[in-house]
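In structure tokens below, several structures.
You will see subunit A twice below: alongside subunit B first, and alongside subunit C after that.
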Partner chain A sequence: MNAWVFIRFYTILVYTFMFAPIFVVLLLAFNSSQFGGFPIEGFSLHWFGELFQNDAIMRAFRTSFALGLMTALVSTVIGILASLALVRYQFPGKEWVTTFLISPVLVPETVLAVGLLIFLRWLHMPRSFALLLLGHSIIALPFVVLVVQARLVGIRKEYEEAARSLGANPVQTFFQVTFPLLMPAVFAGALFAFTISFDNITATIFWRPSGLETVPTQIFGMLRHSVSPEINALGFVMICITVGVPLLAGGLARYFSRKKV
Partner chain B sequence: MARVDLQNITKSFGAFKAIHGATATFEEGSFTTLLGPSGCGKTTLLRMISGLETPTSGDINIAGRRINDVPIHKRNLGLVFQNYALFPHRNIAENIAFGLKYRDVPKSDIPAKVKNALDIVRLPGVEERYPSQLSGGQQQRIAMARAIVIEPDVLLLDEPLSALDANLRDEMRVELKAIQDRIGVTSIFVTHDQSEALAMSDKIIVMSSGHIEQIGSPEEVYNHPASEFVAGFLGTSNILDVAVIERNNDSVTLDIPNFGKAQIPLAQASGLGDASKGRIVMRAEKLQLTDSAAPEGAPSAKARVEAVDYQGQLARYFVRIGELQLQVINMIEGRPFSQGAEVTVTLSPDDCTVLAA
Partner chain C sequence: MGDATVGLDRRPVLLLTPAFFAIIALVVIPMAFILVYSFYENIDLAVDKVAFQFGNWKEVATDSYYHNAIWKTLRISLTVTVLAALLGYIPAYFIAMTKFRHKWLLLLLLILPFWVSFIIRTLSWIHILGNQGALNGLFVTLGLVGEPIRMMFNEFSVMLGLVHVFLPYMILNIYVSLEGIDGNLEPAARTLGAKPWQAFKEVTLPLSMPGLAAGSLLVFVLTGGSYVTPLILGGPSDFLFGNLIYDAVVTELNWPMGATLSFTLLVLLGAVVVIYSRFMGLNQLSKAFG
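Showing the complex of A and B:
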């Protein structure tokens, strides 16, 4: 009995430790105080207003959104094509290609970041938004491939064969049969990619061209001076996006799958 | 509707040879079964006709046209799978209409064609449902409807009944054959189930480890097996070594161990050639068990019943004649013979087949 009390206590402690900082940010976002800390002086949406007035932050938001969406698009397209090749076709060196596609997860991000920079210097290419997009896509790709591949393995080949026998060419078969059946995984993969890109800071610091800020690098930059209450408000918005988007997506996916029986 | 010709088809997967030179003709409007155990190459052969696999060598002709290099979506074939393969994200009407989109069918004609196809498979009014709302048998009917609505030249059926449970399978077997009769499409049916093959086919192609063992009507394949494999695969057979004693114009005389001399019509021994030894195939249901002596002149042997497998109308007996064990399937008249009973086994020479040793 005592052991269970201990486990319960310990569990609460661990979760408190994990979620307290997030909770603090959420709470302080509504503090009317001039300083980004305790004590709480009053409830206010003032800092959200400041946030939307701050051009640098709004620019960083737009950059992060654009980057996230494009990363999702690029890594999902490549991820679907790679998964199709890996699951539906036999070719020599397939295991190596799989390992290679997954490897960005295994390589420390700093190493990956430096590697890509050295590679681009060798090609005499400057740092640019395109490079950042490329880098984020590389980081997100393994997650997309893993999710899409898992789903594709479960889609029996007979569906595609049936479509082909009925007169659909390979491209029509993909868009009429494979892609719709793959949709939940594509959706999940794209979401992963967006969140990974939206959250990323380590590699982004290496890759961003000077003058370009994403939301995480912007927060990082602002923190160097002081913890301003604006950052708390920004943190609140970030949490809402990174937690809310997947939840919303999951809900939507369930709603649509229920409609389709 | 079209005739299909296979000329010396081979297929290798790496070092493994799946098909060794298959040559066969599938007549226009006929129902032909590719029959054999799993791994015999029957499905590979069907997939090559469909275009899902490419032959290593040999020609496939449909309606006299070589189609080796025609991709599957231009072959105009209906394909029915064991697991139905209905598109789960589309309703029944969309599933059936799928193939019509790629043909010059005016949009306004599609609902009527879908309805007609559903009538043919006797499942009207399910247009709005989704595949997961139908039973296995119903799904297979929809799969048939989807395959025939495009008016294919050839209908290819890959073990379409194997996923159904036993009662439904018999019902669907009759239904499937009736549908094929109604539309008269050339059909090629793959199965490992001999009773399906015998019941449905105009012609059976028996296959074993990549070879075609025999091509013939169900009666021919059953009554005149061309090889020991065919004899053993279809029905229950007893196969024994025999020595040839004498030949004349219309029969051969054999010495069958324990049964003595028997005169077999030459037509039943065409596979024997000039050999002095052969193998005799005795169907289990063509042997007769009696408790009285055999009629004069009929080859017979004294035996003891070792085991009885009672099946209602029929009984399957395992009988022993010295060293030899035979299987006999007889109708039960009165009561079945009991275990340990002393009986006489009589064979009728006209119902035996003699093969080369």
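Showing the complex of A and C:
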């Protein structure tokens, strides 16, 4: 039992290590001090006000949102189709196909970024929003495939077969049976893709056209000097979005699925 | 697909086409272009000439600056991986074995960091280790030191930041393989006379190796490809190989050199992936997302 006490204590320490720094950012967002660090001088919402009046940050937010939503759309559509093939059909070389679909994860993002940039340069095309969209989509695709595939395995084929045998045509079956059953997988994949795009900085720094900032590159640019209180406030808002939305979605999904039963 | 699919169902081929097309156009072809560009010649800022010469490769092969960067990157990646394994194994074991009613909460907390912005998690260490950070504030208040001590912008803070960011990958992978172990095995070993530690060492630890290996691979490759963390948490001499690529492409606009360095990194980290997949196969990697 002594060992178990040690294991529990160690686990608490590691969780503290993981969360204490994040908690400190959340805390400092409300610090009234002129500087981004300690000591805490008082409670203030001042820096949130500054944030919403900062045009550059607001612009970066809009860019990141648009980019994230479009990335989610592109990679989820492609990812769902590929996952359906993997889960629903038997074909030779399936294992090889799965490895190929996941392979972009194994390419270091820095290398992926430089490669795509050089390809574009060869095509005489400038950096653009479209490059960011395509690039983010390919980074998100393997994760979408993995997540969606895991969800799809749980959906039984018998439901569709039952619908067909009861006289539904293939189109009806897809929209009235398959698609509603797919929805949680679609949603999980899209959410994952959005988060990956919204958070990406490693490749984005290479791909963004000059003058275009996403939220992470904007923060990166602001960091050159020091951590400003505005960055803390921005961090607070970002954490609320990227943690709050999936939690809320997960909670709602649970609530509704319980209601049905 | 080729001949094998003739006479078979065409639907999976159709479903897979968009994904295959995207990966070939956006990953495979660009990788080929990196190799081609590494033979080009850099003339001036952002000006390069189509050529087939080995100047860039010669520079990478002979200049000790690049050799040092490679060794440093491998050393830091290995250190970060070992630290993540040491920090991560026990919590993964705890989550897998606990009878705690709210185990889902521990798992949720494990996934939560993935949703917190990478750059926020990285810069948060400035608030812990910096001159105006929590630790210095604490030390000064307690009277342990008169002046804030310098703990930031060195190799230590870079490695700490990397461990912090990549640790959840490690824990999640180890947890998944521990969770898959038959819960009766360890008690069975105990019944047969093994001490608790022996039962763990002889039964559980070997069975959890695939997860430990998958987590280690991910942490190693992710660290090896990093360049943003050293820019935020490191000093001028704390660079990884990725920083050389960043400098070549973004700062010096030397595309051929950037391509050569990128291909070098791809081969280095690719070799690690290949060695891993020879022993483990790549299936384990996808299990953590189930």
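A few remarks follow.
As a convention for this text, the second predicted complex is superposed on the first by the 234 of 261 C-alpha atoms of A that agree within 3 Å, B and C clash if a C-alpha of one lies under 4 Å from a C-alpha of the other, contacts with A are read in each partner's own complex, and residues count from 1 in each chain.
We take it that a contact is a pair of C-beta atoms (placed from the backbone, for glycine too) under 8 Å apart; a residue touches a chain by one contact, two chains touch by 3 or more.
Keep in mind it's a predicted model, so treat the numbers as computed, not measured.
In the overlay built on the shared chain, the residue A:161 is in contact with subunit B alone; subunit C does not reach it.
Touch counts on subunit A: comparing subunit C and subunit B, the chain ahead is C. Contacts of A:248 after superposition on the shared chain: neither subunit B nor subunit C is touched. In the superposition on chain A, A:130 makes contact with neither subunit B nor subunit C. When both complexes are overlaid on chain A, the residue A:177 reaches subunit B alone and has no touch with subunit C.
When the shared chain is aligned, subunit B comes close enough to touch A:169, but subunit C does not. After overlaying the two complexes on the shared chain, residue contacts for A:141 are found with subunit C alone; subunit B is out of touch.
In the superposition on chain A, contact is made by A:111 with subunit C only, not with subunit B. With the contact threshold set out at the top, not one residue of subunit A is in contact with subunit B in one structure and with subunit C in the other. Listing the residues of subunit A that touch subunit B in their complex gives 156, 158-159, 161-169, 172-173, 176-177, 180-181, 260-261. Per the touch definition, subunit A reaches subunit C in the complex via residues 3, 7-8, 10-11, 14-15, 17-22, 24-25, 28, 35-39, 77-79, 81-82, 84-86, 88-89, 91-93, 97-112, 114-119, 121-122, 134-135, 137-138, 141, 143, 145-147, 149-150, 195, 198-199, 201-202, 205-206, 215-216, 219-220, 223, 227, 231, 235, 238-239, 242-243, 246. Of all the residues in subunit B, the ones that touch subunit A in their complex are 50-52, 71-79, 81, 83, 85-89, 98-99, 101-103, 130, 132-133, 146-147, 150, 156. In the complex of the two chains, the subunit C residues touching subunit A come out as 1, 4-5, 8-9, 11-13, 15-16, 18-20, 22-23, 26-27, 29-31, 33-34, 37, 87-88, 90-91, 93-95, 109, 112-121, 123-128, 130-134, 136-137, 164, 167-168, 171, 196-197, 221, 224-228, 231-232, 242, 245-246, 249-250, 255, 258-259, 262-263, 265-266, 269-270, 273, 282, 285-286, 289-290.
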